[in-house]
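Below are two complexes that have subunit A in common, paired first with subunit B and then with subunit C.
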Partner chain A sequence: MEIKDLDCLYEACPIPLIRAIQTLRTMQSGDILVVHSDESCAAVMMQEWAQQNGYSIRVTESDVGEWEIYLQKP
Partner chain B sequence: MKRWIKKAWPYWAGGLLLGGLNVLLLALSGQAWQVSGGYLLWGAGILQKLGVPALTWDYFEVYNTRYRQIIADDSVFLNQYTILNLGVVTGALLATLASSQFKWKKVKGKKQVAFALLGGILMGYGSRLAGGCNIGGFFSGLASFSLHAWVFWLFVAAGAFVGTRLLLRFLAR
Partner chain C sequence: MPSQEIDNLLAQRQNARQKNKKSQTPYAVGLLVFLVAAGVLLWTQDARYPVFWGVGIALGFVLRSSRFCFVAAFRDPLLLKNTKLMRAMILALAVSSTGFLLVQQHYLALHPGTDAAQLPGILNPVGLHTVIGAFLFGIGMVLAGGCASGVLMRIGEGHALPWVTLLGFLIGTTWGAKDYPAWYHWLMEKAQTIYLPNVFGTALAFALQMGALAVLYGLAAWYQKKHSNDKQQENAHGN
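== the complex of A and B ==
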């Protein structure tokens, strides 16, 4: 199981989601991607996308206006 | 209560609120919501101060004759549009502060700056040719059953399609 970080700080929506999908494509089942973003909409979009695609997701607000989004590939 | 302030509202809630507030604004001030016209007047006013006679350009004769009174009153910096635009910024600031998500954003890189500038210039120029932005030209136009808003929507959809292609090609790595 691999854990990968994806730095999407200061990137506007929908770039964090697009980059997350692109990165997840290269990963294996069970791997975890940690997306760092400072856009609240990134977490909202990824939650919707994860639900539609069967990914487990956890979102934490790691700092004021900064989020860590954990996505596990099914 | 906390959750209600903190979480992003669904689109339908925002849509209903914006629609309701626009009706209220029209009823109270006699004018539907417009955004970019205010910045047009600021821009032209700044050019005027720098010695470029922007306020006498043909544009203000051909397009946007509704700004004539504001220009005649010499109030390009202080008018109803300025108040509305300051309201937008203040409201957004209050909302971020209330959800404790206020943050100074850094610039990601030169590419981001270039695209942001290019996009801003294209949007600004387009809104001037269309005689309004997505608020005055589309949102308020649609609500008043004006045909121009539907034409605006068609071309915005086409622009968004091209924009998405460009974004995928150049910005998302």
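== the complex of A and C ==
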């Protein structure tokens, strides 16, 4: 199982999700991607996207106005 | 679906992270005091101002909480095959067109024979300029990451980037106002203001409007459902 971090701080919606999808494409089943974002919409968007596409997801506010989004490839 | 591996990683990182989040409560209290003080100050000017003030704040709060975003409503169906916000927008159109019809009917009962262009609800002539304007606005709002309300909401949320968008917005609006007479002369002068109740009669116009919105809503729901079914099959085959 590989863990990858993706720095999407200061990127506006929908760039974090697009970059996450692109990175997840290069990863294996069971790998975890941690997206760092300060765009509050990004987490909501990714939650819906994950649900729609069968990814496991957890979102945590790691600092004030900064989120970590954990995505595991099915 | 839950994942034990994600939970473990999250717990591990949370333990490693020593710094505590700065409390936001003082800011919240300060803001609340400012909002009330400004409301009182506005009330001394005109009794209606605090109402506008309150409605504006409430709208911002709802925008922020609901993530209602015109950009996402048009972008997500194409980008993510997600039509939730688009369906929300169709519902909003259904609610507002019903409400405005009532307001306009009431206005017409009080002022019979009013020209369509003068009715409440800002009825504008439709034509080629609508298409050009919508196309330009569509490109702009996706690049900027927000329409006018979205940009203001994000500034209120504490983002710095939308300030740049706001600056562009002000420049664009000023420029638009400067060129407006030319646009008006070339495209809008001969365009007609169409008020559907005048064309079809009130009941039929309302039924057509609601019917068209219902069909669009159904299409949007079908599109998302179809895509998630495809995706689930794909995942099932992959495993």
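The criterion applied here is as follows: the second predicted complex is superposed on the first by the 74 of 74 C-alpha atoms of A that agree within 3 Å, B and C clash if a C-alpha of one lies under 4 Å from a C-alpha of the other, contacts with A are read in each partner's own complex, and residues count from 1 in each chain.
Simple rule for what comes next: a contact is a pair of C-beta atoms (placed from the backbone, for glycine too) under 8 Å apart; a residue touches a chain by one contact, two chains touch by 3 or more.
Remember, it's a predicted structure, so these values are computed and weren't measured experimentally.
If you put the two complexes together on subunit A, you find that subunit B and subunit C bump into each other. Shared-chain residue A:Gln22: touches subunit B; no touch with subunit C.
By the touch criterion defined above, A:Tyr10 reaches both subunit B and subunit C. Of the two partner chains, subunit C is the only one that A:Ile32 touches; subunit B does not reach it.
After overlaying the two complexes on the shared chain, residue contacts for A:Gly65 are found with subunit B and with subunit C alike. Of the two partner chains placed by superposition, subunit B and subunit C are both touched by A:Ser40. Residues common to the contacts of subunit A with subunit B and with subunit C across the two structures: 10, 14, 18, 38, 40-41, 44, 64-65.
Taken in their complex, subunit A has these residues touching subunit B: 9-11, 14-15, 18-19, 22, 38, 40-41, 44, 64-66. Looking at the complex, you find that subunit C touches subunit A at residues 1-3, 5-7, 9-10, 13-14, 17, 19, 21-22, 24, 67, 69, 71-72, 75-76, 79-82, 84, 145, 157-159, 161, 224, 227-228, 231-232, 235, 238-239.
On subunit A, the positions that touch subunit C within their shared complex are 1, 3, 10, 12-14, 17-18, 29-30, 32, 34, 38-41, 44-45, 48-49, 52-54, 56-58, 60-65, 68, 70, 72, 74.
Subunit B meets subunit A in the complex at residues 8, 96, 99-103, 105-108, 112, 167-168, 171-173.
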